[in-house]
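First chain written, first letter: the chains are A, B, C, D and E, and each begins at residue 1.
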Amino acid sequence: MWCNRLNDAQTAGDAAPLELRIAAKSFLSADGARVDVVRDLQLRLEAGSFGALIGPSGCGKTTILKIAAGLDPDFRGQLRTPGSGRLGIVFQEPRLLPWRTVEDNVRLALPADHANVELGDLFEILGLGSHLTRYPAELSLGLARRTAIARAFAVGPDFLLLDEPFVSLDEAIANRLREELLALTARAKVTTLLVTHDLTEAVEMADRLFFLSDRPTHIILEKALPPPRGGRSSDVVASISDEMRALVAQAAIAHAKR
Amino acid sequence: MLQRTYSLIALIAIWAVVAALLQSRLLPGPLTIGAAILTDTRTGELPFQMACTLGRVAASFVIAMILGTIAGYAMGRSKTFDRYADPWLVVLLNMPALVIILFAYIWIGLDETAAILAVAVNKLPNVVVVMREGARALDPELDEMAKAYQFARFSRIRNLVLPQLAPYLAASSRSGLSIVWKIVLVVELIGRPNGVGFVLGSAFSLFDMAKILSYAICFIVLMLVIESLVVQPLERRANRWRRRPA
Amino acid sequence: EALRISAQSTGTFAWQLDVIRRHGLAEEAGLDLKISESASPDAGKLALNSGSVDLAVVDWLWVARARALGAKWLFYPYSSAAGAVMVKGDSPVREIKDLKDRVLGIAGGPLDKSWLIVQAAAIRQGIDLKRAAKLEYGAPPLISQKLQQGETEASLNFWNFCASLETRGYRRILDVRDAEAALGLHQPLALIGYVFSEQFAANHKSTIDRFIAAAQKANDIMLRSDTEWEALRPLMNAEDDRTFKAYRDRTREGIPQRPVAAEEEDARTLFRALANIGGAPLVGPSQELDQALYYKPTPAAETEHCCRELIR
Amino acid sequence: MLQRTYSLIALIAIWAVVAALLQSRLLPGPLTIGAAILTDTRTGELPFQMACTLGRVAASFVIAMILGTIAGYAMGRSKTFDRYADPWLVVLLNMPALVIILFAYIWIGLDETAAILAVAVNKLPNVVVVMREGARALDPELDEMAKAYQFARFSRIRNLVLPQLAPYLAASSRSGLSIVWKIVLVVELIGRPNGVGFVLGSAFSLFDMAKILSYAICFIVLMLVIESLVVQPLERRANRWRRRPA
Amino acid sequence: MWCNRLNDAQTAGDAAPLELRIAAKSFLSADGARVDVVRDLQLRLEAGSFGALIGPSGCGKTTILKIAAGLDPDFRGQLRTPGSGRLGIVFQEPRLLPWRTVEDNVRLALPADHANVELGDLFEILGLGSHLTRYPAELSLGLARRTAIARAFAVGPDFLLLDEPFVSLDEAIANRLREELLALTARAKVTTLLVTHDLTEAVEMADRLFFLSDRPTHIILEKALPPPRGGRSSDVVASISDEMRALVAQAAIAHAKR
């Protein structure tokens, strides 16, 4: 059973927080122009806690996530990742291997010591049961996204990076996946960073919200939410969301004035 | 399969008609060639020479493909390595086959090692060039994925790199096999005491078109068989994941 | 004693070796011949250079040039058979000077020895073939084919192609052997011969001598016996009887019959003529034939040679 | 650019050292070759022969690339066409160069047309094989997009097909140019009265390594120059859109 | 100005409705299995009206959209498309040409007679102004999606197919784009079919909702909404959405029992 493995992972994980300082991150575009994406960003997330990253489209969220994943060493700053290095990541697009079936795509990502773990339950929960032998080109986008989520969950991560994982899914499935994610992070000590445009989703699930400015991005507002996460009633979520919206609007104006 | 057969029959029919019209010793018809093949098969001459050639083709092909793929991949992935190795590649690529063959025979000796090496070295840069393009076109997004999930090196090559290189491998091994075969003919012509190239050399000085064609056709038939029974089924399997165009 | 030899499978040397084999001449001389066949005339040179064989049949000019450049090869005459300029039987072309403005096909390249000899001879007649005729160069079989297709009106080719053309009614207008005479040679020169390195000859003098003796025995057999040629026939790839006879007669004609010293003298004359016409690209830096080019067998072998000459 | 120069200098240095150590007529050093090139350039011999060869190379290359790309694209796109044409392709691919050259010279004549056609026909199937793989790997999703937005045929080819085929075109023209050059040498060797191949023929039978190498090296230098000044800048431009690996 | 063109398009468009009947649509998967995706689906949308297609993930929405676009003739049934054939389509993924800049990607899709039309305003509205010379690999997913939307709008379509166009965008931009879409469809007689998982979005914008069953899919509930679309207050939208949820749940149960 795949859950068992997660429990193992818990005992293996150490208690380091995610610490990310990006003094500056820029890209060189094809026409030679420098695109400044991140400036003076400081982000700290306690081990086992759940952060949400919210910001305007194109501000640099994906860039930050990739740096946190250690995929982009080309930035000025420092990175300290939590856990034992077992990373689960859901990219903004599914990024499946087109020439491998759904099941193989998930299995190939498993660490060697868990190569033969039983994944049936996970696939059932994600509604992939009848598609295991399909190739990615034969999947709908929603199914492909679910495969990518299955991959991230299946490795038994102690560090989870999610880039808008629940878009392009119908409400029922999205809710089921959110619950599953909450259960996973509750069971094991998983440090999670979620990128989302959906404030309600963020407030429902996170311990801590990070609001980002426009490009070059940095944190304009950081907010710790009172526990228990996942258990907040919809009224509470709505009221926190409204409050946040107002605060962010203020902060954005202040930022624009600077 | 059926269409391929029809098409082959058409090819042979056209050949037969042209040969019948020209009635020239210089273009023997399919029947003449068929008879020549039968005769030489009975005497054991043809199978023997063919086997010699095939051995050389196989050996040089394998050497050239393996080394060429590795070098091409490395050059496609590392800009620095590419910059240093590229001039050498251009030199090797454009060195006339004859020069390479000569050097091999003179410095290694007029023997099998020299022959096989000469062919492999002739073919190598072509493989490198194709595989380098393949490596350059690798998808960086999938790469990131594999890095994030810490794919083992072997798994990365098998599941990520090779499938992306597959069309390049297919192209360079298909055209490569034919190039290797052609160079083996020259190498045998110049300095081997057996093989199809040796036979062609003698047949050429006698202008024995029937002999030339019958050996050439035997190799072609072999390639057609390999193509139909091995390469194409393999290819179909390897391309199963591709969406069929609607 | 082992002697490694390279032979072109379609060449006359292969015939000679076959005679040696069938008559056990090598065993008789205490030699163990290791023969590697090849399809190209250049394989012998390659094999010698790479040290894969000890002896091969190679061009006289090539050896002369290599010596001039410092490679110490030795040469011993093997055959003086040579080609000819040929035309169709009903062609209006009768002599060299009729070739003016006609298409002349030449086998090999511009540095081919027969072509140089023909050119030199023509120049003595006041004709510069290079300017006067329209030249086509090509591989020997192709040139032979082009004459038959009528694309060239005359062609200069190797002796075996000429022999086969002759049986089909083609005419010689100038034999290379005659051209050699026109250049002042006493007899046609053996333009190909056995070649081996000086070092090998020094270390294995008796091996070489015994091989030369065995080869001469084979030559005798080939000169005398017609039945011997019947045995050789499968090797000869002659389409018909006339071609077969032509091959046989031309080969016999080419077997050298005079002492090496006489050869050497004519060789010097020819070399000078060729140096004039081909220049440095052909003969290398030297304008004079290297004295040491010809291998001198020990007197015993030489004597035997002369005696045979006398007997005939 | 600098790295390429260093690498070339290293190559020449190694060559010089090996040549100095061997002290053999069969491996002349760079200085000998340089002198030979200078002499032959002064007499006008080298530029003339080189020009003859380059003309043939250019003509056959253009013919082979254009026809090969069209045929390869068609075969990669249409399964039916592929099934019918594939056996012919295999036949052409594996027909020994000598046979094609002989047929061309015999049936067309010992002239320029035959020479250029023989080379083009020799190279053609290799282009087809590579371009076919390229056409097969075209992205069906972008195709759908172009269909939905009714891209004109020309725009489709220019903006959709060619950029996707670019790596295949690069591979097949780079290795293609070198193959064409090598076949031109053989064609000239067998039946042309001028060109580098013609010179090499005589040089080969005289074992004139200095001559052989000096002509080969002139062509290689030309290719190095074209590569550095034309192909690579073009390639960099064409690949600007690729994400630089992080 | 790009709006002008849209007005031209209006006069050019004829008044045919979108009529789509799919008796059966199936795919052959790589392992040879037949996947039945659509069965007995009938969809009719009046010229100039706005339909929304809502259904579970992987049910066949994209398949239906592609058939409606005329991209997939391999189905049993009939299709009649509205308008003069000027189609604007937003695929579920951006589908940009990676080797062309943002601006070229949009311009290349323009019909020949509008090749030089002024697009500045459209790019500004979509927030693409400063990215026109970028290549797709240098865009964030949100920017790429906006480019794809710009392309669909720029052709001056009289038939518009949108496959979840507004996901992966922040709320502010998504709302701006929704308004822009409403304005575009109001100005010109554009027949529009929108696929979405967001019921609120659908109710806000559409004249007619189509709810789809699970695979093999067909319409389980069709609902015409009272005009004016776009002008509905959030209370109205919320109440309609709730009503719809209840109805769909019922219909789904009925469908499952069948």
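Criterion: contacts are C-beta pairs under 8 Å (C-beta built on N, C-alpha and C of every residue); 3 or more make two chains touch, one makes a residue touch a chain.
Remember, predicted model here, so these are calculated numbers, not experimental data.
*Asks:* Applying the touch definition from the top, give me the chains sitting in contact with each of chain B and chain E.
*Replies:* Intersection of chain B and chain E contact lists gives A, D.
*Asks:* Quick one: how many steps at least from chain A to chain C, stepping chain to touching chain?
*Replies:* 2
*Asks:* How many angstrom lie between the CA centroids of chain B and chain C, rounded to a whole number?
*Replies:* 38
*Asks:* For chain A versus chain D, what separation do you get between their C-alpha means, in angstrom?
*Replies:* 50
*Asks:* I'd like to verify one number: the distance from the centre of chain D to the centre of chain E, where each centre is the average of its C-alpha atoms, in whole angstrom.
*Replies:* 49
*Asks:* Centroid of chain B to centroid of chain D, CA atoms only: how many Å?
*Replies:* Each chain reduced to its C-alpha mean, chain B and chain D end up 17 Å apart.
*Asks:* Show the residues in chain B shared as contacts by 2 or more other chains, in ascending order.
*Replies:* Within chain B, residues 26, 102, 106-107, 144, 200, 204, 240-243, 246 contact more than one other chain.
*Asks:* I need the residues of chain C touching at least two other chains; which ones are they?
*Replies:* Residues 42, 49, 139, 145.
*Asks:* Would you give the residues of chain E that are in contact with at least 2 other chains, written as numbers and ranges?
*Replies:* Where chain E meets two or more other chains at a single residue, that happens at 30, 66, 71, 93, 135, 138.
*Asks:* Going by the contact rule at the top, pick out the chain D residues touching chain B in the complex.
*Replies:* 3-4, 6-8, 11, 26-27, 80, 83-88, 90-91, 93-99, 102-103, 106, 125-126, 129-130, 132-134, 136-137, 140, 143-144, 167-168, 170-172, 174-175, 178-179, 181-182, 185-186, 200, 204, 209, 212-213, 216, 219-220, 223-224, 227, 239, 242-243, 245-246
*Asks:* Which positions of chain B touch chain C when the two form their complex?
*Replies:* Interface residues on the chain B side: 26, 102, 105-111, 114, 188-194, 197-202, 204-208.
*Asks:* Looking at the complex, which residues from chain B come into contact with chain A?
*Replies:* Going by the criterion above, the answer is residues 141-142, 144-145, 147-152, 155, 159-160, 163, 238, 240-243.
*Asks:* Touching chain D in the complex: which residues of chain C?
*Replies:* 41-42, 45, 49, 59, 62, 65-66, 69-71, 105, 108-111, 135-139, 142, 145-146, 149, 151-152, 281-282
*Asks:* Over in the complex, which chain A residues touch chain B? Could you list them?
*Replies:* The touching residues are 66, 69-71, 85, 87, 89, 91, 93, 95, 97-100, 104, 108-109, 111-112, 135-138, 151, 155.
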